[in-house]
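You will see two complexes here that share chain A, one where it goes with chain B and one where it goes with chain C.
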Partner chain A sequence: MNAVVLIFLIFYYVVVVAIGFWAVKKGGAKDLEGYLLGGRQVGPLVTAMTLQSTSMSGYMFLGGGSAGFTTGYWSIFYASGDIGGGVVNLSVIGRRMRKLSKILGSLTSIEYLEHRYPHAAVRLISGVLSVFLLFFYVLAQFIAGGKGMALVTGLPYGAALAIAVGIIMLYTFMGGYFAVAYTDFFQSLVMVLGMVWIFTATLIEVGGFTAVNESIAKIDPTYLSIWGKDLANQYAWSDLLGAILIFSVGYMGWPHVVTRHMAMKSPKTARMAGVYSTIWNLFFVTAPYLLGIFAIVALPNLADPEMAIFTLAGELLPAAVTGIVMAAIMAAIMSTADSILLQVGTIASRDIFQRFFYPKATDNHMVWVSRILVAVIGIVGLLVALFQPPGIFSVVIFTTSVLGSAFMPAYVCAVWWKKANTPGAIASIVGGALTAFLFTKLNVPMNSMLGGLIVSWTLMIVVSLATQKSSPVADHIIKAMNEVVKVGPIPKEMLAKSDFNLAQEANGINKKIDKD
Partner chain B sequence: MFGLPGLTALVLFGFPIFWLLYTLVFFLKTRNWVDDSENEGGKS
Partner chain C sequence: MLNNTELESVKTIVNVIPFSIEKNDAQNIVSNYSKQYSVQVQKLIYYPYYWILFEFTVKTLFGKSRKTKASCLVDLINNHAATTDKFELYEAEVLKNSVLEHDYSPEEAVKTARTYLTHSSIHNTKVLFAPDSKIKKESLVYKPFWIVKCTNRDRHSFKVIVDAVTGKFQLL
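Here is the complex of A and B:
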């Protein structure tokens, strides 16, 4: 079986790399906007698919299955919010963020925050916080990749992990948003195909939906309760709200996800992208949790809940089909990992190194700072994943809670509230992140995402209102926000020049990539 | 329904229906977005 599965995986990698090279050539980074945002030429279907495949990581195949297997139908609350995560993101901030980022000339989601809330501290805090949190998020992808590779190849976890991390790193060095977006598009198709296939096969194997639920009831009827196994979460309203919010509104605070809005071909792209996102989510999002629940019956002796979907695929499907499912799992992992690593490299090189340490940084410096940081993340991530691998579910929930709590009010208010100012944004980002972090670490009996959001929203509103006189929102930002509300082309005189005067730097990055 | 308690079935099937309706309303309410930025950088 392993040989056939490996052949499928190798074929899959070849296709992904080929699409990546094609996209690099087609999308060619003619300027910095081309490199970081695909020249803002990404249409609705690819926008929706890169948004979703970046949002849905290896967590879905490992953490989602594990949550279903261990808690039963309680885990469905995570999917309940997640189905609408894409369309909420696109409908609330998609069109407006695309427009405002264009007017302000922002090329990264962190730079955008500094342009909207003008102060160096906004960029420094946001950049450092993002790099720190995204490291943990990509760590979860490494662990997922290592576990999957170990199962497919039969290699020890350590060796499989090294191979998985190596593939992800090499693939990421290909670079550029356009390549990432188009490979994400292909990977999203593989992900949904694999998910639908394993879901259908498992449903047939367990005798249908009613039959599997009846079998679960014989093992332990509380698995079927929406309050979870042993009714452990009965009336735990804050956990319930947190589970729904984390993947419905939380995505609006993820820097590597909201970048997708800035790269859209036009503001109207958000409309159809929202529709495509929901359709894709309906087929993909609930299935992993249900598969974990089905595994209670199909795999009663499963030792590692995170391996539920891997094991179902290995035991129930013919080798060729298992190969497709394994490719889908690796697609989920890689499509998230490449986006995060690109984002981390961008933040490190442009938002931190060039902005604060070396404004005269050349194209060569930028490329190397980005690559060194990606390499360091790879090595440190490899060591942590090898010696002290945390649970994927807990890492992803922790990271996404802190990211969502820190940045969601800042990104939403950036386009919806003209009184949102710099002190409000700083207080909101710091307060939201600290609250979510401390709630998790101190085991505060309130969901960390919910607590973080309450604090970050409160701080944004209270501090902004209290500092309107001392820190008024600049006139050019008010004008830009007035323009963002309107539906119609942006007047030429409002477009920033900064997109284009950095073309030399981008050309250098592109040449460097071509040369390597 | 499907051997599930009523509340579980409501959550399992209710949320997808809610998001479908949300998407439909979003799609219909944003018909004017097609006018957005056909000529980005055009005259005011």
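Here is the complex of A and C:
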């Protein structure tokens, strides 16, 4: 990589810091007050863009490109699930979870699970599982950052990794001081620009879709098959279903994704967020996989498939633009990594440390626990990424499979099934996670996500029904669920226009007055 | 009919958030969305909150501190916190039986508000810091809600609360 790329990348970081500084110093302070303290948000476009920038990670640029390059059009199955994943997630649990978590007074997604399925074991198992698995997702971001930095700077992978992890950690500890509402928006704009540029340039280079497909057919026609290169997945229906499920329903098990439902301003926000997500995903989810497929033709001698998009940028774009694309990739990595690290810090401090070890912990204690844990994750992650770096694609698929299998039934049934009780939830979380983990480790000839979901759903239903008498769902939870889904002869307009921000007061008034 | 002394014994003075939605307004709001129903405003109730005005000190990148204020309301029946816009309070004499009793103490409310604000500020600003906060003002306050009953020809009925400050409503 030449110096111009590096200069543009450094220039990018300078702009990020400058925007943050300007926002705090000048006009941003007033708006930031509301943003800082919750309850209010910046505009819907900025909100949508920042949400999407968090979900767009290093996986998209490295893992997605690698999957396209190595398997061909089969990889689009992963993208197809992801395109509708946001809407499915919002539709199935989004609005109801927003209401129920408000009524139950839950601040974190793990706390919400304990409030819905009241038992300390629910919080302990969920907290430990989430911290453990999110570590792997952060690890994937570290590796992506290290590889990108090595390409840009020409430094050895080890040194580049240390710099990338250092930047990610610094961003996590300092992010808020940069007036995050504005810097996130800027980062997401850079991501859009970078992705559009590299996609357009590559498409022109390979001569359009028809030409690239003809060229791929000459190299190996099985790349064009829906079963993947060498027809490796022919009639492997469980793998096909698993590939679609992984990002369509797998997201429902992500603590940092479901937490967003709890922070939504209103059902209207949920609907609009669904529309924005789908528009965004139509392009951005498929683009990295397609770029990987284009790279089969454009980069026939590529040694590391995960470098497909980085290398395309280096080969096809002017140095200054490559710098912007590199910045976009680093933006994706940083905005995801810091969100997950903060989520891990919150789960560890509030859901594990305060809840089980030191109930009298002050906010300051908990912040320190978070800081220490984030630092430990940084060091351990750096060592693992240095000495035994796993493939980004496989790490993300593994993490999503286990989290999705563990938590999806628990989150879905929390709002949809009144008979879902604590023993059912514990059995489902433990059984789902163990199954997905063992299927992956033992190479069981069935997709781990599919296997995990079958086990976790079965356990949730069977155990809940079998233990209804010994562990009935508490009355206050049933009442809260009824509050979420109003029943009876109520006009549709009335239901549609009700302000669910008042659900908590309605619940309180119901406690105090005789309804008749 | 109660005499003045009896009336005094059933009344109390509380801090109320000013409201502009009167009985007729509440009836009209609900009627607009339940055309086939007979709408009857039953009563005005006062919901208890603990209001705390915090002063926050937020550090910036270059070490400067910036002070900002946060107004927080804690629902004293559910012990849930939320930030709120600024408002003025006034003292009102209201019927005792229209004031809902609170289940949580001011101390518990302050703790809940601090936890909520710390959590919000960490996750919204995406940075690991505990904001330095001081209480500038605090008070037990009440927000008025109208309780409205809707009944149709088949005598099916449901109830709605109307926020007398904002005019927004929710089913009971």
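Everything below uses one rule, namely that the second predicted complex is superposed on the first by the 427 of 516 C-alpha atoms of A that agree within 3 Å, B and C clash if a C-alpha of one lies under 4 Å from a C-alpha of the other, contacts with A are read in each partner's own complex, and residues count from 1 in each chain.
Quick note on the criterion: contacts are C-beta pairs under 8 Å (C-beta built on N, C-alpha and C of every residue); 3 or more make two chains touch, one makes a residue touch a chain.
Treat the numbers as computed from the prediction; the structure is a model and nothing was measured.
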Which of chain B and chain C A:Arg95 touches, first, second, both or neither: first
Touched partner set for A:Asn213, first chain B, second chain C, both or neither: first
Partner chain(s) touched by A:Leu282 [first = chain B, second = chain C, both, neither]: first
Which superposed partner A:Leu224 touches (first chain B, second chain C, both, neither): first
First, second, both or neither for A:Glu493, with chain B first and chain C second: both
Partner chain in contact with A:Phe77 - chain B first, chain C second, else both or neither: first
Touched partner set for A:Val87, first chain B, second chain C, both or neither: first
First, second, both or neither for A:Arg371, with chain B first and chain C second: second
Residues of chain A that lie at the interface with chain B and also at the interface with chain C: 102, 488-491, 493-495
Partner chain A, residues of chain C touching it in the complex: 30, 33-37, 45, 47, 56, 58-62, 66, 68-70, 75, 77-80, 82-84, 100-101, 114-130, 145, 147, 150, 152, 154, 156, 158-161, 163, 168-172
Chain B-facing residues of chain A, complex: 73, 76-77, 79-81, 83-84, 87-88, 91, 95, 99, 102, 209-211, 213-214, 217, 224-226, 266-268, 270-271, 274-275, 278, 281-282, 286, 487-495
Complex contacts: residues of chain B adjacent to chain A: 2-5, 7-8, 11-12, 15-16, 18-20, 22-23, 26-27, 30, 32-44
Touch list for chain A against partner chain C, complex: 17, 20-21, 24-25, 29, 32-40, 102-103, 105, 107-108, 172-178, 180, 259, 263, 338-339, 342, 345-346, 350, 363-364, 366-367, 370-371, 374, 486, 488-491, 493-495, 497-513, 515
